[in-house]
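Please read through the structure below; I'll follow up with questions.
Labels A, B, C and D are assigned to the chains in the order they are written; within every chain, residues are numbered from 1.
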Amino acid sequence: MEAFSDGVFAIAITLLVLEIGVPADAADDLLGALIDQWPSYLSYLVSFSTIGAVWFVHTVITGHLDRATSIFLRLNLLLLMLVSFLPFPTRLLAEYVQEADAERVATTVYGFNLFLISGLLSVLWRYAIREHLVRPDSTDADLATLTKRLTPGLAGYLVMIALGLFLPVLAVLGYLLIAVYIIVPFAALRRPTSST
Amino acid sequence: MEAFSDGVFAIAITLLVLEIGVPADAADDLLGALIDQWPSYLSYLVSFSTIGAVWFVHTVITGHLDRATSIFLRLNLLLLMLVSFLPFPTRLLAEYVQEADAERVATTVYGFNLFLISGLLSVLWRYAIREHLVRPDSTDADLATLTKRLTPGLAGYLVMIALGLFLPVLAVLGYLLIAVYIIVPFAALRRPTSST
Amino acid sequence: MEAFSDGVFAIAITLLVLEIGVPADAADDLLGALIDQWPSYLSYLVSFSTIGAVWFVHTVITGHLDRATSIFLRLNLLLLMLVSFLPFPTRLLAEYVQEADAERVATTVYGFNLFLISGLLSVLWRYAIREHLVRPDSTDADLATLTKRLTPGLAGYLVMIALGLFLPVLAVLGYLLIAVYIIVPFAALRRPTSST
Amino acid sequence: MEAFSDGVFAIAITLLVLEIGVPADAADDLLGALIDQWPSYLSYLVSFSTIGAVWFVHTVITGHLDRATSIFLRLNLLLLMLVSFLPFPTRLLAEYVQEADAERVATTVYGFNLFLISGLLSVLWRYAIREHLVRPDSTDADLATLTKRLTPGLAGYLVMIALGLFLPVLAVLGYLLIAVYIIVPFAALRRPTSST
């Protein structure tokens, strides 16, 4: 399961660059044309950081895992489907940011995708704990640390989706912050024995 | 063989999202434009679930495997070719659902691809059993469970291909059901000793 | 090295499907439009089989390998570059088969790419033997079997490239035959101890 | 971490071929049309060599690694983001080489991406040494060899970026040379004990 999951994360994160189009017929002012498509770079940055963060958490979860039930495997497949889908709203965002009403639709669809990914990650983790799928040597403190970290993200996405209805670009920056918040202090979450 | 096969499954499943086009020039009514392309999302869902199910069964098969002959490896390569091909009929389906006659052609081509994948998976499995490639500690009951599960899928695809000539969208939903039928009750198929 | 190489093979082989375009505006006669693009399916089949065959041989080579020098690693990287490049001539072939003069250019470029891949595979293998990188328990007979199998392919590509100047489609079928010739009788080449 | 990183490198390097477009409507003079798009092949060659070189160095670094801190993992994720981004400037270069002013913009953006990748690779390596993340059996001479090799590349990129403002194509050839310089004499950098 881990090789397949890692593969899907790695591919989804690397495919994101295909969403960035090269400006056509911009030989006169290529620099200007490149600067004009900042929404593409922003979308790339946010989606890359988010998939990176989700992969990170996923690694922590499977690192704690002792065994997997078939329900866990199906939930995991559902998570991979939502992650694999992300390049689509990413392109949507890159295309329609700065375009009046469409901007709000694109931001909301994008945020909703992130919210679902984050929610399913939480479900996966809570399911693993409830069904005692984690290794016996994982302490309760270890497990609580990850649980505590996942919850604010979920609430954060909801707040940002609401904010996005009024200030779309700010919401996108908020999505970036959530991803960074998850990635940055992850030292304490990794099982000490796994060196990589 | 498993790393290569897992890689191909992971890539094929993640490439599917590239088939979903972002609506162009839809700034006036992006939400409407997004809803209008529901065939794209449906195709994505069905193909993702199917490749997920096939990967699942493939994992169960290789989990039982003790050794591989060169015929097994070639059959496996043929299976990977059919799975890698699926993004093409998926795009076809997304493009031509809801388009009079073309809809039936697209659904039939799509269904035929699924039928071939499913058939080859059965052939692979039956070949492995007949040539005694499975581990000695796999019980006959274990093996029979997988065999029994693969057969209805094959028949189901035939029924759905026929149905698709009259009610294409219903056939597509049928393809989804077959994939879910294969994924959902898989607990009993996994070898107890393999924890992931 | 093997994980990276296997990854590149798996991605290159799965990307091939992106070369097959969905016929646009063909709602009136989708079946006819699909049949008309048989060069796309043929190119897909030949390239898939060839990359499959090359991956197969590569697996056999690394299976015999005891250690790798830096020259081996660089030759391997060069091989991966040629394999990764193949989707481009594949698309070229799909686009220009059946188009008078262009057909011959496309077939020759394609065949030349295959010839280079095949040549580098031979170089890699001969280098490994000459530098004694193979495992001591590989018998001379084992090694000779692979060497003997690689050589006719090289000559075959040269003959087919020449033939392609007059009968392009026949040459493409010849490329398919060479790939099948390499894949089919591979049982004898695998080291007996490695079960997969 | 290594499976995920290797996956991202393998995908980014294999996606590069998608940047090479097949000439449209060139049935009259396909050979001429193919020769005309030499900037695409050059960009492909330089980017492939560079990602190959970076993967190579990355393998050497993780081969020396004894353990990873969370800062190392985040730096690594940043490196992967820059590598995954490279197909975009590659396409930019392929599109705008030979186009007056735009050529200089494209070459500079491209060179800057390479410089950042190279810089982050150095940071990753220096961080690993400073934090004593390398294996105790790696000698100081081993470590110094890699450090010495990475530094000229960094300076080389700066020189080439400046040169590119005047002679863009020459700068691109310079980028190729830097990649080759890193790949070619790598024998001495690999840990003797790791055979692959």
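Criterion: contacts are C-beta pairs under 8 Å (C-beta built on N, C-alpha and C of every residue); 3 or more make two chains touch, one makes a residue touch a chain.
On a predicted model such as this, the values are computed, not experimentally measured, just so you know.
Homomeric contact chain B/chain C: same residue numbering on both sides for under half of the interface positions. Chain A and chain B, compared by their mean Cα positions, are separated by 26 Å.
Centre-to-centre, using mean CA coordinates, chain B is 37 Å away from chain D.
Between chain B and chain C, the centres computed from C-alpha atoms are 26 Å apart. Residue numbers of chain B whose C-beta contacts span two or more other chains: 2-3, 7, 11, 15, 18. Chain-to-chain contact here is organised cyclically: the chains close a single ring, every chain touching exactly two others.
A complete list of chain pairs in contact reads A-B, A-D, B-C, C-D. Remark: chain D residues 2-3, 6-7, 9-11, 13-18, 20, 22, 26-28, 30-31, 34, 44-45, 48, 52, 55-56, 59, 183-187, 190, 195-196 touch chain C in the complex. Interface of chain B with chain C (complex): residues 1-4, 7-8, 11-12, 15, 18, 62, 65-71, 73-74, 77, 80-81, 84-88, 91-92, 95-96, 99-102, 105-106, 109.
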